[in-house]
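Dropping a structure here in structure tokens format, bear with me for questions.
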Amino acid sequence: MCFYDDIKLKCLEANLGIKKHSLAIFTFGNVSVIDRERNVFAIKPSGVPYDELNIEKIVVLDLEGNIIEGFLNPSSDTKTHIYLYNKWSEINSICHTHSTFAVGWAQSLLNVPIYGTTHADHLTKDIPCTSPMDDSLIKGNYELNTGVQIVNHFKKNKLNPKEVQMCLVGSHGPFTWGKDEIESVYNSVVLEEICKMAFITKKIKPEVKRIKKTLIDKHYKRKHGKDSYYGQ
Amino acid sequence: MCFYDDIKLKCLEANLGIKKHSLAIFTFGNVSVIDRERNVFAIKPSGVPYDELNIEKIVVLDLEGNIIEGFLNPSSDTKTHIYLYNKWSEINSICHTHSTFAVGWAQSLLNVPIYGTTHADHLTKDIPCTSPMDDSLIKGNYELNTGVQIVNHFKKNKLNPKEVQMCLVGSHGPFTWGKDEIESVYNSVVLEEICKMAFITKKIKPEVKRIKKTLIDKHYKRKHGKDSYYGQ
Amino acid sequence: MCFYDDIKLKCLEANLGIKKHSLAIFTFGNVSVIDRERNVFAIKPSGVPYDELNIEKIVVLDLEGNIIEGFLNPSSDTKTHIYLYNKWSEINSICHTHSTFAVGWAQSLLNVPIYGTTHADHLTKDIPCTSPMDDSLIKGNYELNTGVQIVNHFKKNKLNPKEVQMCLVGSHGPFTWGKDEIESVYNSVVLEEICKMAFITKKIKPEVKRIKKTLIDKHYKRKHGKDSYYGQ
Amino acid sequence: MCFYDDIKLKCLEANLGIKKHSLAIFTFGNVSVIDRERNVFAIKPSGVPYDELNIEKIVVLDLEGNIIEGFLNPSSDTKTHIYLYNKWSEINSICHTHSTFAVGWAQSLLNVPIYGTTHADHLTKDIPCTSPMDDSLIKGNYELNTGVQIVNHFKKNKLNPKEVQMCLVGSHGPFTWGKDEIESVYNSVVLEEICKMAFITKKIKPEVKRIKKTLIDKHYKRKHGKDSYYGQ
């Protein structure tokens, strides 16, 4: 057993979850898992189909982007992961997919309005969608700047990444995160489902309004915080 | 064999039906089954994935909400189930899901209009959607008040829960019920299909009208009542 | 081996095709197969799930509706099948489903316009949708009158059931037929796919027009008639 | 082992990919693979279901359309393949399907606008949709003229088939190609996904605009050309 097998195994299983939950075709998604004690993270190799993944192919890097273990190129989105891990110490896994309805909303450059309690069970705000990046950022360190775009959007809109564990990068697609890799993939599945429900709602009734704050707070607090009573 | 194994087993199989019929992701749905003789009901434990359910994990409660058997917390929606069982003695199972198109309609706060015979095979009315709860009800005994909301909506609109075995809770999602757990889950599947068909119909022809009473009655009575002739 | 096992077996396999191709939930569809020499047909029993079907449960009737073989009630739609078999001697199997997009169009009471070559590969006309039945017909021999509705719609619109092997019964759903049970089920699958494609097309471009006659004829004649050259 | 078993095997596996990826029902799609050294190509036989395909049933032809090996009629679309192989020496496999959303766009006679980075990862232009063929071309050598229609559309719009590896034939459906049969089928899957995403985006926000050139170029060049850094 190698030194980093624990996060590599978690990373492998989490990436297989992308396929299991139909969150991306081919290789269009990646999950990473960080070990905060050792400051290294494991991530999917770039362009490798989920069916061909195994623990040896997972790449381990430090937070400067140096490869610590692994013989393959890490995901081309690696720098986005690094930026988020550096800025948000409370998150330990990141999941990026191209799930269909989430991409549909991201391409529309619209936040996903909080239309119901399935949404409020998970966050009290609209699902944020960043605006398109400035040309200079695109032409610069693009993947790192994707992380900058997300973090700045959260700062500007006073969003807390511990509560709002998902973001649509405008014109691109969804990133989700969590305290571990179970939660980051879970959030990607939930995001896709909320995006599909919101699409249907908007098409049934274009003038639909957001639900009110009391209902949002009730549902969110059932599942989160000291007075939560959902689960075991 | 334990004392309540009959309803626990029925409850287990019914909850597995939520996954089998893709009526909810993760743990977003629950079925209960009541034993009217003993006045106890079995319900899914809160937050447990369907794949991890077994008969030991099913929780048995009385109609005051006391746990009679089981070591896990019951579904957070348990009080909604209790309220409905107390008010409607004719129902013996309740199924709550977050199926996608049913939630879409619930979030739009619209009744699902009776557009065709698939709908009329099951009920003669629009599928009711309750209005959002008052703030005081939300802040109070929320899950019990969800039951109040459903029962009051039925009273106010003179709906009979023996005929209309489904309700959309506005901004939330569907509840269905029936004479047994086979029927309550069946009704959740049928509801989702009717909601999808109604969505498609409305998008093809926004000005579509409800079908006429003669056709509704014909189809409903083929399957229900003393002159029914569907089935064996 | 019983006397009617040939058509019963064909009927069984064709009904299993409804489930295989996801053309109906639960028991919401039925296929029949006729033996034109003996003037008897085999049909699905009413209300029996596809998973529980076997050859013994298939019902054999004559064209007056007398049960010749079988211990179960035949499909409640049996008289529709009988009427069509009596009127259209060229068809040897009928398939009725509640497939989702076909029902969506049927509920909108609109013909499905011929928007592309997938449609023209199978028929040169819009897919017909009958108008709702008169009250007297609904209150009368309803299932037989469903057959009357279809046949009259074809007569009035000069449609040939040998070419147009499908019909949407307005507010209800699709019926398809063919020279054998392979073809009748095939037509139900094709109908659902054409209905879904037409829905998408209409939503992308509401003002979309039908394709022109030269293109329709070219595609139809590639697959049908003496100059066809599709297949082996 | 026969002389052409290499391309026949590739062709077989690629055609099975149509079914695996749900790109067509029944027999509504075909893939071919060319051997540029010997100037022969292997193609699916006409009208044979994917489940019944085997290596013996694959047909090998030369670029004049003579059958070199095989006892079945080749795909009725064979001449389209031949025309494209003759005109575009850089492509070695062609895949034609009737995938649902791609056909939806083809039937709307609209290019698929470049709404996001999933699209830009694969091409920098809108996905082209040819206009309907003139009557004389339809009545003439139709399948060959389908190839003419594609090639002329690319010439007129200055599209490079090495970059834009997909085309919607107006009112009909998609053709994709690539350097090998892995790529041509891959492109059909990607095309369907982009078409679905674009449909959702357009329905969420009808006034949505194309993404800007800097973002298109960034994503395209991540995956293509000398400075690409995606994959291994």
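The chains carry the letters A, B, C and D, assigned in the order they are written, with residues numbered from 1 in each.
Here is the rule we use: a contact is a pair of C-beta atoms (placed from the backbone, for glycine too) under 8 Å apart; a residue touches a chain by one contact, two chains touch by 3 or more.
A quick note: this is a predicted structure, and the numbers were derived from the prediction, not measured.
Peer 1: Since chain B and chain C are copies of the same chain sequence, what is the angle of the rotation superposing the Cα atoms of one on the other, rounded to the nearest 5°?
Peer 2: About 90 degrees, rounded to the nearest 5.
Peer 1: Where chain A and chain D touch, do the two copies share over half of their residue numbers, giving same, or under half, giving different?
Peer 2: Different: when the shared numbers are divided by all numbers used, the fraction is under half.
Peer 1: So what's the Cα centroid distance for chain A and chain D, whole Å?
Peer 2: Going by mean C-alpha positions, chain A sits 33 Å from chain D.
Peer 1: Whole-Å distance, chain B centre to chain D centre, using C-alpha means?
Peer 2: Here chain B and chain D have centroids separated by 46 Å.
Peer 1: What residues in chain B touch two or more of the other chains?
Peer 2: 203
Peer 1: Is the way these chains touch best called a line, a ring, a star, complete, or other?
Peer 2: Contact map by chain: ring.
Peer 1: Can you identify all of the chain pairs that touch?
Peer 2: So, checking each combination of chains, I get A-B, A-D, B-C, C-D as the touching pairs.
Peer 1: Mind listing the chain A positions that touch chain D in their complex?
Peer 2: Against chain D, chain A makes touches at 25-26, 28, 45-48, 72-73, 76, 98, 100-101, 103-110, 132-133, 135, 138-139, 142, 171-173, 199, 202-203.
Peer 1: Help me check something: in the complex, which residues belonging to chain C touch chain D?
Peer 2: 115-118, 186, 189-190, 193, 196-198, 200-201, 203-205, 208, 211-212, 214-215, 218, 222, 229-232
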